[in-house]
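Multiple structures follow.
Note that chain A is present in both complexes that follow, paired respectively with chain B and with chain C.
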Partner chain A sequence: MKIRVEKQVLQEALSLIQAIANKATSEAYIASVLIKTKQGGILLRATNYEVTFEGGFPAEVLEEGEICLNSAKLFNLVRNFQGMEIEFHSTGQNWVFLSCGNSKVRLPGLDPETYPPIEFKELANNFAFSGSLLKAAIDRTLFAIGENESRKNLMGLNLEILGNQRLRWMGADAFRISQLITEPDQPVSAKGNVIIPKKSLLEIKRIIDFSTGDFQISFDENVFQLFSAQIKFKTRLIEADYPNLDSLLSQEAPIKLSLPKEELLHAVRILNTLTDDDHNAVMKLTLTEGEALVESQKLEYGEANDRIPCEYHGETLSIGLNIQFFLDALHAFDSAADKMVTLHITGPVAPMALTTESWGNYKTILMPVKIKW
Partner chain B sequence: MDAFFASVETKDQPELLGLPVIVGGIGSRSVVAAASYEARAFGVHSAMSMAQAKKLCPQAVVLPPRFERYKEISAHLHRIFRKYTDLVEPLSLDEAWLDVTANKLDIPSATWVATHIKWDIQTQLGLTSSAGVSYNKFLAKIASAMEKPDGLFVIPPEEAADFLSGVRLKILPGVGKVMEQKLLAQGLEFGHQLLLRDKASLVQSFGKFGGQLYDLIRGIDPRPVVADRERKSVGIERTFGTDAPFGPNLERVLERLVRGMAQRLKSQPKQGKTLTLKVRFMNFKTLTKSVTRPKGLKESQIRELAFAKLAEVASAHPGEKVRLLGLAVSGFERETEKPSKKNQQLELFEEPNSLDTF
Partner chain C sequence: MALIRILPEELINKIAAGEVVERPASVVKELVENSIDAGADQIFVTVNEGGKALISVLDNGAGMSEEDARNSVLRHATSKLKTEEDLFAIESLGFRGEALAAIASVSRFELCTCRDEVEGGLMLSLEGGKRPKEVRIGFPKGTKITVSDLFYNQPARLKFLKSLKTEYHHIFDLLLRLAIAHPEIQFKLTQDKQLVLNLPKGQDLLERIADCYGPEIAKELVPINHQESYLSFQGYFSHPAAARSSKRWQQTYVNGRSVKNQTLTQAVYEGYKTLLMKNMHPMFFLQLTLPPAELDVNVHPAKTEIRLKNPTLIHTIFVETLQQSLKEASRRRFFTPEEEAEAYGNPAFGVGEGRHQGEPKASAPAKLFVELSDQMGFETKVILPGKTAPKAPLAKSPTVPSPAAVTQPGRAVPGSPLLEPEEPAFSFTGPSAFTKPSATHLGQGAEVFSAIGQLAQKYILAQAEGRLVLVDQHSAHERIRFEEIRTDFYGQKLETHGLMLPVILTLPPQDGLLLEQHQGDFAKVGFGIEPFGGNDYAVKEVPSLLKDKDVAAVIKEVLDEMAQFGRSGRMEIFFNEVFEKMACHSAIRAGQTLSLPEMQSLLNQLVSLDLQVHCPHGRPVLVEISLTELDKRFKRTV
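And now, the complex of A and B:
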């Protein structure tokens, strides 16, 4: 094989697969990338059996063929090359010669013939979906997705096809839920639900950031596939039943309180700074006549409070909240145009929901902390 | 300290100087707590039954222990230690590890520090001591036993390997009679024999301790000297005048032990989570039964668990007579466990399987 490829193109391509190929493994092929010539360019393949990537990139093909190299090593070489263009040249004994600018490298490759076969299937459940909407769905649910191995079914994003062509994207752990309902422009000919592992979502985000245009989404009970014009990606699914959280999501809270989003965010950030991003730090939200008080627990790191005027007329009520969880929930509304965020409050030990007016299809719920101060 | 209790007695009663002195219970069933070097010459050693000690050395002066006095001397000893360093980790009333790497008097050599301390002990307390000097706790402890009494033994880093290859393995910490037999069964008696074994095979033969043996014989012991180490357990036990059968008498003793334990626990800032009952039978066979609860044990729980465990032992050993009964509380809660219990993050659902699924 002999090819010439732009350094910048190859570097970006390799950066997409580092997290896939870099997995600590004893199997050399999992740590490697397969580069194969195709018309007008090259195909890059990487897999760790959980997640599989295939992307096409422009290159000048001088002699057809394929090579297999350690992915991390190649990525680091490319990053350090000073020239604009890299030439690859391989021999029959799997030696690969690279030259770029004044640098010349010879490194051993693996036999590409024995690289594990990769196939992407046509699946019955498939539909087109906008990349930006897919990214929004991931951004708004990722923070709530669980990481506790004992609740495996919560360790991924639940994508569910509701009736009327609506899609529900949901992330949850034991303490919070985040749900987005989207209505795609084109009809969705699919049904059921899949749980996409949290790890794979980071890969998907990377691919969306790299790509332009729409994606084709397809799935069956084992695998979720994402195709763009340039890239094919698939991930194994979490094979478990996702819990039915409808009763928690449909609860109507007696108190609906609108607070200025930015002011609330700043007040909570002050507490977070004070508590050194402690994941267990707790704050208290107290509602009194015409005012919401946000305050920290008085501990060795000091104390802080913020008063935010609001339309509250009722008995004084205090709720304890995990500062990090509350921040995550507020940040989920970062890209919403609304100035106000609505807190749906039932009481100090009942789930609290957050919504905004313009995002009627998005809701996040978090469980309070029972506080003793 | 050399023959600590016996030396204190001799110091307080100079007329005993040169005589074989044994400190221990007076009853025929008690054991030797300490024996002077004169008594040791007759084969008497600590933990030996008093009856046997008297048989070996009938002319010995036997004295009951005076723990208050020993504690007084021990406190003075610690004042001497702290003149040199605050990094003092006590092992017992009369033994401690000192980290003198940076000592208060800026004495450049650990060996000199040891000489100073021995001198202070001799002049201020009129007692002899033995010091071991080396670059870690394990080697210092071994060194301290090499030249007793009134000894000072140094294992410099460059000589540690030679020293260790020549030692008998039974002097290593953690090698008791049983482990010594196990080692011998595999042809391991001296350090150089142990050095030939790789870590994996030692772990296979001796479990986790195999890994420790591998490190120890290479002079590796990363444990730091920790001053003010928290007590790991609080114990109380009682040896009977005559062996007692299971029944009301034994239960009365257990009740007294529970109350005594409660008294001792009052001085502990935290509650322990594990209770251990120890039963030694007339044939010296010893059984321990432990139970651990998620939270610290209160007196009532200690009583309940202690009696339940005793009933268990009684039903498994009907008709046997008991020589000693003991209780120990361990697993003290760490300070940091407490504040998190104050606030409680509520969960959306309790059990992972209690949810409806699709």
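And now, the complex of A and C:
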């Protein structure tokens, strides 16, 4: 095989697969990338059996063929090459010669014939979806997805096809839920739900950032696939039943309180700084006549409080919240145009919801912490 | 014809022998225990060919009358039990009256005994428990029993015996255990005409341990002693740094009997808690004395298992005493008494109440602090002169419980929700007597260790009087952070996090019952658990600190331990795991360059730690080399 490829193109392509082609593995192929010529360019393939990637990139093909090289090593070499164009020339003995600018490298490869076969299938549930919407769905739900191995069904993003052409994207752990409902422009010919592993979502985000245009989404009960014009990606799904959280999501809270988003965010950030990002640290939100008081009380860290004027007219009410969880939830509203965020409060130990006016289809729910101060 | 028959006496004895006489070492155990019960202070054991050919035990005990000697080889003949009540208050090692009959039935047996030298003695011999022969003989006061050709009439059992070396090893090990239990008695062991063990009488326990297991082991031991009417125990425990990878140096004696008891062993490990490295085991020689009615030894014919009447109470007292002993030993190991007084008695380093003695009067800055705090809406916690200082929220180092504590397990530590006296189900030992470093702490007072420099950006070199001290900077800071975090935690009210989706636990009925009984105890540490029908329970709230753990596994492990021991130390272990992680992440690392003042500050903080010289994972924090040892290496002294 003999090809010429732009350094920038290859570096970007390889950066997409670094997390997939894992370095610490006993199987050399998992740490490798397969480069194969195609008409007008090259195909890059990587798999760790859980997640599989195939991307087409422009290159000048001088001689057809395929090579298989250690992905991390190739990525680091490419990053350090000084020239603009890299030439690959492989020999029959699985040696690959690279030249870029003044640098010449001879790299041992693996036999590409024995690289695990990669297959992308046509799946029954199939629809087109906008990349920016997909990225928004991930951004707004990723933080709430659980990491506790004892609840495997919560370790991924639940994508559910609702009636009326609507898609529900939901992340939850034992203490919070984040839900976004989207209404795609194009018809969705799919049904059911899938749980996409949290790790794969990070890969998907990278692919969306790299690509332009719409994506084709398809899934069955085992696999979720994402195709763009340039890239094919598939991940195995979490095979479990996602819990029904509708009762929590549909609860109407008696208190709806709008607070200025930025002020609230800054107040919580101050508490977070004070508690050294301790992920167990707790804050208290106290509502009194015309005012919301945000305060921490972890004596060894010092103390802080912030008073935010608001339209509250009722009995004094205090609710304890995990600082990190509250901050994550507020950050998810970062890109919303609204200046206000609405807290839906039922009581000191009942779930609290957050919404904004312009994002009527997005809701986050936090379980409070029982506090005794 | 009836199929069910009463077995002949001979066969009954052989069946009993199957339980009592498993191998030659069992014979030695029964005979030596008889000698101890007979009040002997000299016991000589002779074995040939690993005990298969000959076992002989000679003692200078009370001896037996002729009639007693004849009865002794009959089944269920004993001088140790008279009434049924005696069975529940056994003070002797033996009591079943089975051993001699059983041994005699499977060997050539000879008994020489004399109660009164003026009256003369009797020799009684039997073969396979039959054909008793009697000869009057002259014999010193005491008893000698000779067992030859063990299992000669039971070839099947003979086949099950291991090599001579293995059988001999069992006998030797057993005799050492018996010797440790009775350091006042002289023990001699002769093997194939060679004297292999001769332990003088009248030794104390440490001398006996040194003679049995070597002075190197004895040197690593820390004494423990607790005396009261209900329960007393004494013994020796290895310093955490001397823990071994094997459990062979773990010996427990209850009322002079070598026993295996899970409650006591578990209590030992709980006492060490964060001081042991993974897969390392402490050495211990523990002698426990209880009123005979407080334990049941009639669990198995071998009598190595016992049942305690009140395991929870013994567990509580023992854990506290052990922790206290280990702490004291740590201080003694690194400080001379003068240094200790300086480090712990000096008000500048004050611990607990002593700290408030030199409290300055309310100064202008103090007033300003109060004013500013009030203005800014913070609750002021300054103790102004004339007012009573609140007690420190952290638990003081556990002390030996008073008789009152004996009747009510648990600790009274004001301000700490986990350590309240009415909280008996989970044992929380709390942090050590830890003083947070303050300006006075670091600036003034005696510096017990004085920093010299840093080695390989990993170890701090320091000098103390008469020795060089090497401190692992990461482990040391990790321990300091661990104690700080733990102290803060125990000083607070616990926070409970509601679960969005309850965790449903399915428990076996007995565990469910236990959970319901202790629902209040679980609630105190932050678990909200409700019955969910049948054997299911819904966990609706968890302690904030344990929110990332597998809740179901935590509760199940705690219940398991509670079912076994009546209370559980697992809960604290789960909390400690979180603290360890937090401590490890916030501690300085190996590879970090430290300035001399930083090193000195770390050393001073370490001194304030009650010298818990292990990191929370059990790795040692400091190693010392004495001047004597250095002199030896430089050949200044021989």
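As a convention for this text, the second predicted complex is superposed on the first by the 371 of 373 C-alpha atoms of A that agree within 3 Å, B and C clash if a C-alpha of one lies under 4 Å from a C-alpha of the other, contacts with A are read in each partner's own complex, and residues count from 1 in each chain.
Note that a residue touches a chain if its C-beta (ideal position, glycine included) is under 8 Å from a C-beta of that chain, and two chains touch if they have at least 3 such contacts.
Computed from a prediction, not measured in an experiment: that's the story for all the values here.
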Combined model on chain A: chain C and chain B, fit or clash: clash
Partner chain in contact with A:Glu303 - chain B first, chain C second, else both or neither: second
Partner chain(s) touched by A:Tyr49 [first = chain B, second = chain C, both, neither]: neither
Which superposed partner A:Trp95 touches (first chain B, second chain C, both, neither): neither
First (chain B), second (chain C), both or neither touched by A:Tyr242: first
Partner chain(s) touched by A:Glu149 [first = chain B, second = chain C, both, neither]: second
First (chain B), second (chain C), both or neither touched by A:Asn193: first
Contacts of A:Pro368 with chain B and chain C, given as first, second, both or neither: both
Which of chain B and chain C A:Ile177 touches, first, second, both or neither: both
Shared contact residues on chain A - chain B and chain C: 150, 172, 174-177, 243, 245, 248, 280, 282, 320, 322, 349, 351, 365, 367-373
Residue ranges of chain B touching chain A (in the complex, touch as defined): 340, 342-349, 352, 355-358
List of chain A residues in touch with chain B within their complex: 150-151, 153, 172, 174-177, 193, 241-245, 248, 280, 282, 297, 320, 322, 349, 351, 365, 367-373
Contacting residues of chain C [partner chain A, same complex]: 376-378, 381, 484, 488, 491-501, 503, 541-542, 544-545, 547-553, 578, 582
In the complex, chain A residues that touch chain C: 147-150, 172-177, 243, 245, 248, 278, 280, 282, 298-300, 303, 305, 320, 322, 349, 351, 365, 367-373
